[in-house]
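The structure appears below as structure tokens.
We call the chains A, B, C, D, E and F, going by the order they appear; numbering starts again at 1 in every chain.
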Amino acid sequence: MSKVVTFGEIMLRLAPEGYYRFVQVDGMGATFGGGEANVAVSLANFGFDASFVSKLPKHEIGQAAVNSLRRYGVETRHITRGGNRVGIYFLEKGASQRPSKVIYDRAGSSIAEAVSKDFNWDEIFNGADWFHFTGITPALGDNMAAVCLEALKSAKAKGIKVSCDLNYRNKLWSKEKAGQVMGELCQYVDVCIANEEDANDVFGIKAQGTDVTTGHVNHEGYKDVAKQLVERFGFEKVAITLRSSISANDNKWAAMLFDGKEYFFSKSYLMHIVDRVGGGDSFGAGLIYSLLSGYSNQDTIEFAVAASCLKHSVEGDYNQVSVDEVLKLAGGDASGRVQR
Amino acid sequence: MSKVVTFGEIMLRLAPEGYYRFVQVDGMGATFGGGEANVAVSLANFGFDASFVSKLPKHEIGQAAVNSLRRYGVETRHITRGGNRVGIYFLEKGASQRPSKVIYDRAGSSIAEAVSKDFNWDEIFNGADWFHFTGITPALGDNMAAVCLEALKSAKAKGIKVSCDLNYRNKLWSKEKAGQVMGELCQYVDVCIANEEDANDVFGIKAQGTDVTTGHVNHEGYKDVAKQLVERFGFEKVAITLRSSISANDNKWAAMLFDGKEYFFSKSYLMHIVDRVGGGDSFGAGLIYSLLSGYSNQDTIEFAVAASCLKHSVEGDYNQVSVDEVLKLAGGDASGRVQR
Amino acid sequence: MSKVVTFGEIMLRLAPEGYYRFVQVDGMGATFGGGEANVAVSLANFGFDASFVSKLPKHEIGQAAVNSLRRYGVETRHITRGGNRVGIYFLEKGASQRPSKVIYDRAGSSIAEAVSKDFNWDEIFNGADWFHFTGITPALGDNMAAVCLEALKSAKAKGIKVSCDLNYRNKLWSKEKAGQVMGELCQYVDVCIANEEDANDVFGIKAQGTDVTTGHVNHEGYKDVAKQLVERFGFEKVAITLRSSISANDNKWAAMLFDGKEYFFSKSYLMHIVDRVGGGDSFGAGLIYSLLSGYSNQDTIEFAVAASCLKHSVEGDYNQVSVDEVLKLAGGDASGRVQR
Amino acid sequence: MSKVVTFGEIMLRLAPEGYYRFVQVDGMGATFGGGEANVAVSLANFGFDASFVSKLPKHEIGQAAVNSLRRYGVETRHITRGGNRVGIYFLEKGASQRPSKVIYDRAGSSIAEAVSKDFNWDEIFNGADWFHFTGITPALGDNMAAVCLEALKSAKAKGIKVSCDLNYRNKLWSKEKAGQVMGELCQYVDVCIANEEDANDVFGIKAQGTDVTTGHVNHEGYKDVAKQLVERFGFEKVAITLRSSISANDNKWAAMLFDGKEYFFSKSYLMHIVDRVGGGDSFGAGLIYSLLSGYSNQDTIEFAVAASCLKHSVEGDYNQVSVDEVLKLAGGDASGRVQR
Amino acid sequence: MSKVVTFGEIMLRLAPEGYYRFVQVDGMGATFGGGEANVAVSLANFGFDASFVSKLPKHEIGQAAVNSLRRYGVETRHITRGGNRVGIYFLEKGASQRPSKVIYDRAGSSIAEAVSKDFNWDEIFNGADWFHFTGITPALGDNMAAVCLEALKSAKAKGIKVSCDLNYRNKLWSKEKAGQVMGELCQYVDVCIANEEDANDVFGIKAQGTDVTTGHVNHEGYKDVAKQLVERFGFEKVAITLRSSISANDNKWAAMLFDGKEYFFSKSYLMHIVDRVGGGDSFGAGLIYSLLSGYSNQDTIEFAVAASCLKHSVEGDYNQVSVDEVLKLAGGDASGRVQR
Amino acid sequence: MSKVVTFGEIMLRLAPEGYYRFVQVDGMGATFGGGEANVAVSLANFGFDASFVSKLPKHEIGQAAVNSLRRYGVETRHITRGGNRVGIYFLEKGASQRPSKVIYDRAGSSIAEAVSKDFNWDEIFNGADWFHFTGITPALGDNMAAVCLEALKSAKAKGIKVSCDLNYRNKLWSKEKAGQVMGELCQYVDVCIANEEDANDVFGIKAQGTDVTTGHVNHEGYKDVAKQLVERFGFEKVAITLRSSISANDNKWAAMLFDGKEYFFSKSYLMHIVDRVGGGDSFGAGLIYSLLSGYSNQDTIEFAVAASCLKHSVEGDYNQVSVDEVLKLAGGDASGRVQR
């Protein structure tokens, strides 16, 4: 059983039920999520050993965050306890022409103020096969960018594979800052994951013929993006998700994997969306799972896309699907017939 | 900041959650709504001064109705308190081939039994730029038709613009009675709003080539309807919403504005419906907002349709969207991508 | 008013709200359902006298099952009270590419352990016009297969029409066992109901050109299935539902009726699904209603399909629709426009 | 099995969850209740044949009221369908020093506008042993007082025992009117039920030494009240409930039965209240049950008080307890220990 | 109608339903509250003009806070919009021996970072009769202590009465710092409000014979506390609430008013608690209401204590009771009998 | 950190919300619990290593049971996966004079059908300090009694301390059978835990002067019970909980510890009950915690009683309290004052 370490922030997710708007409600769902935590849960649900590394306050809200991970089997003993608060994000689910809305309230969180001595990478990486982080973690502050670098160096020294999801967040840093910091960190990355906008936002590498606002995504244009990423950073593999947003309820979903030589495109799914937050993270988890399981390139991208397609039908940040369920969909049964 | 006065009934809306039928539930959502109240809330959400005029009992259910308006910034001090009951409507949300169902229990409400001396129009219209009512208000009874006439005369005397949404309700009065009363009131109306059936129901002006049961709505046929309305009543402007009902979940939505000379058609939206009650009212609010803001005719109809398109994605009678959100959709971004 | 007796198991249905997965929730909807109970409730909702025969424990969970039937007017005095437990099924609603999932926990239920002396068919069938059961009832055990045989002999002796929905459940018995037992029971059946897979599962009669996994259902291929069923068992009529599963949310729905001579195909509906459990049962109820009401063959199949189409828009196992609502849809109004 | 007929109004009960006030909520529990309906449900739960007679509109809200009765086994076929609305009462549950609050919205209900020809008492009383009504039914209007009189005459002619709960409601009629109408109807009554205030409100018969506001109820003072009632109306039996209200949460509960000769006082219970609405009705049901079951006078009053004591621990208007549960409490086990 | 201005922080209150602990839930009630906001809502519910002054971010969570105030009629136009976040407090309701628990997450809120130029006191105090703040507002930071000082000077210059609730919060500042800052601000205060611990925490003035942990509160000991407060700061009046905590569910509640000469003690109430947060604030509102209404000293303290006694029976921070309800309790009816 | 192993059944607990009765609801809370699982969770919440040993089916309901344990940090890798079903218990919460009601549906559960080879005690006990089981585990069947014996022998061989809670369940076995089996198993037990009835039910050792039905529990009478238990089985320690049930809402709670020489009585608590299921288990966990932590006998019994007193204020089977919270209560602060 492979062991994967992920590192980042886990936030309290406060979301009105159904399609209610923020100003209409007197209660909210209170669950937890965050890019790297989501990857850890998905991998634990696939049966892998997944360890999530972060920092959380000692109080009960911090504990509830830990519990949400333990519930699905994620190892939490490398989560340092301390600091002042759990980051929060408010999520309002969109419908039809009305987009989903996210309000971040994450400044001053325990992990955003974490420092080098909060983490013992030697111990954390003991027995690990893979390390995953996203562009959000270094964006939390210079302190965290520094910790990321330490983690990456330690991982490399131990021969652990590293994946990074670029995951650009414009509320956290500028494109310039992102490009500079991520440029340095990407030197240590083996597998680069991006969505249809990240490469442009972070590194200025733009796909031709795509306009996300109209929902038109030109798949072919991403071949060149992947190629440039490999050339610039020497990635072993680049995987790019390709979302066409028809409406808040309906998206097309596919992805491409580039191994430095060939391009592998997945099937494309037309999805009725239950909850799209964490869609990219579930793709990352699917990719790590299939790569560590020795799948072929085509099977890898099909597994990762099918896994993340299913995520869009699951409430919450975490992808609650099994390997069997993913394989069944990747194998062609998308009919949604009742399983008795 | 423009000030708009609306006048009518606000009802308690009792609705099972989700798609449950009346006979299945032991609890119901208890919110408030009604044609003119919905317009007031939408305008307040757009940042206008909106004052809602009505009559409500003194007890706590009446107070809750007042509170539902104050919550979104509507001025409520011209709501007379007294009478016996808050009108009620029961709403069961339809799905797929099953239509939504409305059961009215509004007889004997405080506003239905209101009389002339309950309202001081001089004071109410102080500082107002626009007066809006719908065909429901005079349909509540001869007493209320008389009060409407007083309000209209007062508005005209003060040079306040008047809009009226025909809003025919066959449970409240016959087509003959409606035609007669509305015919008189429309003499005082500047802007007439109707849906694809109202002009025919109230004034016997029928569009060619439309069959609402099959969902076929012939847009061109409404040019002549608008023209006849202008000719008969001298309206400055006529706006007609054009709904094609594919199923209880899926509707096409568009509208036409006629300024006495030219016809302006909006874009058409294919909507996945969250809640369609109040769709027409949100159109009226959008129209008033854009006309008072000095938009061009084309921009006006685009704004009104985009506003009401968004309403269909919002739970409850009230349209909970901002001017920015409407402009973004009217400007072309209907992709529903997450706003972070 | 016709009187119909149905016989089988009623189970406690435990289902997470909305689209939540089993592992995410701390509470579940707790309602009741089961093939033959669903038929009884639907017929009672159509205004027929419907009597449901079963066995349930004396405790409050058994009582709640009885109450769920009484609430909708089903006669419950022929439900024997005793035994140890109410069978349970856990239901997780699927969405998009993720299928719905059913986990059965029905072994050892009172009805599964019922015996001949628990039922007095003479008394039960007093005044009855029709007897309905499904393949689930005899599948509960040899004891129940024997009771079914007794019931059928009694019904035949009294000249009561008999319908049977093949309803194959592979968790309950093998195809071989099903074929053997159902083969014997079908000698007493007048009207045979099946879905697009049952005839093949139970009797090895396969339709050409159909692959349920891809959602492709070849309607023409079922003519031969119906013909073979009539030839083998001498059924008066065979009705086959034809579901094409596009996704867990979207299905096409139609059916065919064969009267031994002619084939009658219904309209086909594209449904957005609210809850598809009980879809087949609501078809059976619609069929029994229209046959007992003397509808023509074409009207019969249109009524049954419209009734079951509407069921897919209703939460829970039970079809909560009236004859008027079904006739309105069968008559062509599928627009889902609000009924005020 | 004894058969009891009750006659009156069943209302939609809209109540915020828990201890929320009307002005705080966006949803309400929507159940049903009313004095005579409550008695019918309680008797059905005791295993008696109970038939509830009333009038309800044909629409789904009326149907839901019918269903709420059928669910618990009450016979509903003598409920006439027609008229315009289901009466409503809004209930806000009090706590500690804050009293519960009831807002009635019952004017114009189908039953309040019912007339003589809506009820066929010959058919209704077929096989009945007992007829029960309360002072609310004639208070609905002169029409309903007249119908009550007809019912009483029919009952007397058939030798059916009659009980009446005085149940004074000052929102429905004045004390004078009540005294006059009830004075006439009481000529036909065998068993009179009253609470600690009714005899004074309706007939001006006041107990000495009682002040309900301070919670002081002088049990001895009610002996004379009962005696006067018997003397004035010739009742066979008079039963008076004695509630001492310590706070909205805590009440003392007892009762007295007078058989014209002796006074029988029950045990007194100190109750933590879950829901006190329907407390008096559950007492009436307990009294009818024990009298019809031939209990001794002391056992009768103990059963009736224990039954209604348990009602205070049950949510909703209806008393959901069995004979066994009542007997266990009346027999002395008030410890509330878990029953496994 | 008197006008009162209050100034402070309004927070998002996140609280599990009922008695669930933080670590057990997947959702929380999301309402709003805060010392001075609570006073404003209570006064608005009493029919006064109440204006709440604060600073809130522009986003929808800030808007929802504004809406929660408008809903109950509080004037919100002096709430400056800007800054980064709404302060949050997590509330877990205690029961029996388990105490309630509050976790603050309020650092960095818009109001905590507000500065002098965010508030125009001249405009704010236009037409005002009374200004109220609590010790929480200056505790938010030196910036806010400075703003408080400006507000107080402006109020004094305009002849506006000033009340201050000492409201010591040890998570916000030390006793030393509190004593120093509050000592300065209290120079401008006319009416000082404190609970049984505040005077000791802030000014080191301790009551004899009281141990809050055992629930023993010695009422007489507070006479001297009040006297010392008047002597040190020249307050016109000092009001001290006296809570004896028997358990998380049961408290005794009373208060004392000192006018510099005489001591007025209220009745004492034994309360079953629904929600005790905001209890002190509702006392403050009751005090301001009765003082501004010209009540006698004894009536004033009775009104304030009865108002806050009722608050303990109301969910949420805000006191949702009317003047009539308070007067009824203060007048002696604490029986909690149903109001029909 | 001490490590404790517990062994038994974990069941799905289905319970109506609040005080609703089974026959009133359409949904139920769906959580998990069971004697030994409850002990494990409580110990994990105290910071101990707790491992729960059982057998659960592979499907998602089994997985949800595992997740409920992992969420609170219990080690679950010694839970064998297989078998057919998760045992269920239905729980209806009592109030005032109405007792709580439990309906078991546990026959045929995976653990009830488990056999010797499902458990590798050598591996399970690796590193363990303590083994705990209750009388429920061997009561599940002779197979499970045999497995218990194996576990006990293995524990003894490894020098692991053993505690047993007698926990008699009359639905599972007769008193005779219980006495015989438990008599044998108790040979291996060091610490015996019982409630006020168990010793009598299982071993016929009766306390003088106690009648649980009236709520009278004679503490002194239990000295002799403990003495007899020690004499008969050679227990190191005997702990007996002493519950006086005043009503379903109010219980007195205390306990006695006997070390073979002296008797140690705890303080007695008067509790307002939130949820009393698991009260005894939380006592067991408190006892194990304090004994393993080297507390004095008096401190041990105070800790165990305070821990279980707090459990009665927590929803669900699991005790969600920390060591700090228990120590605070045991130390004397039972005032329930808000912790900010």
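The definition used in the following text is that a residue touches a chain if its C-beta (ideal position, glycine included) is under 8 Å from a C-beta of that chain, and two chains touch if they have at least 3 such contacts.
As the structure is a prediction and not an experimental result, all values here were calculated from the model.
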item	value
Chain pair with more C-beta contacts, B-E versus A-C	A-C
Chain located farthest away, centre of chain C as origin (C-alpha)	E
Reference chain F; chain at largest CA-centroid distance	B
Shared interface numbering between chain E and chain D [over half = same, under half = different]	different
Interchain centroid distance [CA atoms averaged], chain C/chain E, Å	62
Averaged-CA centre spacing for the pair chain C and chain B, given as whole angstrom	44
For chain F, residues that touch 2 or more chains besides their own	18, 21, 23-24, 26, 67, 72, 101
Residue ranges of chain F in contact with chain C within the complex	14, 17, 21-23, 25-31, 59-61, 63-64, 67, 84-86, 88, 90, 92, 101, 103, 105, 107-108
Chain D-touching residues of chain E, taken from the complex the two chains share	18, 72, 269, 271-274, 306, 309-310, 312-316, 320-321, 325, 329, 332-340
Chain A to chain F touching residues, read off their complex	67-68, 70-73
Chain F partner contacts - residues on chain E that touch it in the complex	18-21, 23-24, 94-102, 104, 169-171, 212-215, 245-250, 276-277
